[in-house]
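In what follows, chain A forms one complex with chain B and a second complex with chain C.
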Partner chain A sequence: MFLMQLDRVMGYWPVLLKGIAMTVSLSVLSLLIGVVLGFAFGIIRAGRNRTLARLLGLYVDFFRGTPFLLQVFIVFFILPVTGIELSAFTSGVIAMSNVAACFIGEIVASGIKAVPTGQSEAAAASGMTRAQQMRHVVLPQAVRIVTPSLVGQFVLLIKDSSVVSAIGLLDLTRAGWVMVQSIPNGLLVFGIVGLSYFIICYPLIYISRRMERRDQSTIL
Partner chain B sequence: MLGNLNIRVMLEYLPDIWHGFLATLMLSAAGFAGAIVLGIVACALSIQPLRWLKWPAVAYVDAIRATPLLAQLYFLYFGLPRLGVLVPEMVIGVIALSLNSGAYVAEIIRSGILSIQRGQVEAGMSTGLTYLQRMRLIVLPQALRPTVSPLIGQAIVLVKDSSLLSLISVVELTRAGQMIAIDRFMPIEGLVSTALAYLVLYYLLKLMAGLWVHQNRLPGRA
Partner chain C sequence: MIEFSNLNKWFGALHVLSDINLSVAKGEVVVVCGPSGSGKSTLIRCVNGLEPFQKGGLIVDGTELGGSEARLRDLRMEVGFVFQQFNLYPHKTALENVTLAPIHVRKLSKVDAEERGRALLAKVGLGDKMGNYPHQLSGGQQQRVAIARSLAMQPKIMLFDEPTSALDPEMINEVLDVMVSLAREGMTMMVVTHEMGFARKVADRVIFMDRGAIVEMASPETFFTAPKNDRTRDFLSKVLQH
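And now, the complex of A and B:
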């Protein structure tokens, strides 16, 4: 019985593979956009213009304080009302990049604040403009500080991507949902789905742990 | 976009949102209580020396951290009936939330305990404190203090995660908002009311964390 079901699950490997491809491409694309936007958010949040920083803070708070599922619905249902037609994939990428940018932005802002002020003062003393200080002195150091958290953020993003299955995208979780409709063994089907996520995410978790440990050893 | 928001409909459905809000609060509280218990057990097992007790705890934490909550939720939702366990969706949801957050709680408590230096315990011994006194007066106060803020952070994550229970048809805040969308074909009104209700919980928890940090600042520490 079990072997028969395992055999049937294996018969679904194209669906499973499609799901994995969708999960990975959603996550990678959103990570790329999220990192670029996130750095911009972070620089503004840690910047001198406090009004702008607070306004962005409100925006960020909205997306950090509401469930991701709700945000997916907001992008999927509200943007079309304003006349922007979006495919489910685009909606998913928008929602994911946006939430990634909000979380990465706060990480980057704290990274920038963690760079001692003497660094930018020294850069200013040697005649660098604000932009040059940021680009050549502060950001390179901030990047080192935030990299372990960024890897952790990528894992969160991959896991968040499962939520976009709610708007019908065939990702890994949705693939499991499709399979379980014809193979009535939830433990087996979602065991395999879980294992696939584990294979994707665990190396990243391992890397981020190693990086954190290495950073601690260089500080102490 | 939000200019033509129908406030009247939002007010009309306020009781439904309120019920959803309470349900989310209750589900989250139950899930968090379970997570604390599971987290303490998993943490205790993972820092004690016996390997055959340590291994399952570590496997549990890693398995949870590397898979999405929604997959875990479906695993239980489609899997438990197969094991002959027939419980309401709400119970499945709370179990999934507890299992999920428990792994993160275990990591938080673990890092709190590991942050205590051996010299602290030795100093307690040399001043003649008994084991219980050392635990009560030296180890636990220092180990638990740094865990409070991350635990509140985890509670925030849990409240937001509880929205996924709407996907296995548990009626909570997200589901309540969807009902407005379905009843009145007004997705925006439903989503906005729901988002505002979640933000109330978010800011309350954030305020708690801020107050706690403010009141428990240790001398000589930032």
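And now, the complex of A and C:
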């Protein structure tokens, strides 16, 4: 019985593979955009313009404080009302990049604030512009400080991508739903789906742990 | 070269610098001492614009402080600053610490900057430590890298903010030696320090500060042998007894 079901699941491998491809491409694209945007957010949030920092803080808190599912719905169902038609994939990428940028931005800001002020003072004293101080002195150190938390955040975001199945994208989670329609063994199907998520995320978890260990052994 | 006129600074209600009048000539070495909290660090941090002030004027190398960011950056290229805590860049090697500003601020080529950097590190006695990261160096070595880093910009003025206070006693001299040779080469220097031996050896003038004001200013001989002010005498008796 079990073997028969396993055999049928294996027959669905193109669906499973499609789901994995969707989850991976959605995650990679969103994380790339999220990292770029998130660094910009972080620099502003830790920056000297406090008004701008607070305004952005409000925006960030809104997205950190509302369910991701709701955000996906807003992009997918509500933006079209204002005349912006988006495909499910684009909607997914927009919602996910945005929430990624919000979380990554706060992590980057905390890293920038953790770099001692003497560092930017030394750089300023040698005549560097603010941008040069940030690029050559502060950011490289901030990145080292926050890399383990950043990677941890990536894992959370990849798992959150399962939410986009709600707007009809055939991601890994939805592939599970499709399979379970014809194979009445939820444990088996979603066990395989879960294992697939784990295989995608584990390398990141592993890297993050390695880096945390390295961080403890070499003082900055 | 450095001209304070009636400079005043407040941190909130605290009057940290009051009516500072001081002029430092080219090639002069001025040592600033005083009890902690007397405003001596704040004083030299004003010279390269690390601290803003509220009243009075300060002209350094012909530039009036308090102007635009761009003019402040131009001035900072001419004024080296050495910190108590070294503030070396921990993610860069000794040589990279020394070449960073020359490359990005002076726009030197990497080759030229490295040539200059190697010469300076050799000059401060660290020719064999160029590839080391700050955490692989002792405190005295780190401070010498920091001095080389400032010198790499070929400044006209060097400011030292308690450069030996964070060092173990046995490392103080290696740093002071570098500073003494710099003074003998004719560098214009303002040095906040309690190293009275250094002051005796190379200072042209010694300034004593207390509660934000310059209390006494004299040549080293007069300062150490015949201080006029009670507070100076009191301070000297504390720092000179050991």
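Here is the rule we go by: the second predicted complex is superposed on the first by the 218 of 220 C-alpha atoms of A that agree within 3 Å, B and C clash if a C-alpha of one lies under 4 Å from a C-alpha of the other, contacts with A are read in each partner's own complex, and residues count from 1 in each chain.
Everything that follows uses one rule, which is that contacts are C-beta pairs under 8 Å (C-beta built on N, C-alpha and C of every residue); 3 or more make two chains touch, one makes a residue touch a chain.
As the structure is a computational prediction, the values presented were derived from the model and not from experiment.
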item: Three-chain arrangement built on chain A, chain B and chain C clash or fit; value: fit
item: Partner chain(s) touched by A:121 [first = chain B, second = chain C, both, neither]; value: second
item: Which superposed partner A:185 touches (first chain B, second chain C, both, neither); value: first
item: Partner chain(s) touched by A:165 [first = chain B, second = chain C, both, neither]; value: first
item: For chain A as apex, the angle formed with chain B and chain C - C-alpha centres, to the nearest 10 degrees; value: 100
item: Partner, of chain C and chain B, that touches more residues belonging to chain A; value: B
item: Partner chain(s) touched by A:136 [first = chain B, second = chain C, both, neither]; value: second
item: Which of chain B and chain C A:74 touches, first, second, both or neither; value: first
item: Least C-alpha distance (whole Å) that remains between chain C and chain B when both complexes are overlaid; value: 21
item: Contact residues common to both interfaces of chain A (with chain B and with chain C); value: none
item: Residues of chain A that touch chain B when the two form their complex; value: 61-62, 64-70, 73-74, 77-78, 81-82, 155, 158-163, 165-166, 172-173, 176-177, 180, 184-187, 189-191, 193-194, 197-198, 201-202, 205
item: Touch list for chain A against partner chain C, complex; value: 116, 118-119, 121-129, 132, 136-137, 140-141, 144, 218-220
item: Chain A-facing residues of chain B, complex; value: 1, 62-63, 65-72, 74-75, 77-83, 156, 160-164, 166-167, 174, 177-178, 181, 187-188, 191, 194-195, 198-199, 201-203, 206
item: Residue ranges of chain C in contact with chain A within the complex; value: 48, 50, 69, 73-74, 76-77, 79-81, 83, 85, 87-91, 100-101, 104-105, 135, 146, 149-150, 153
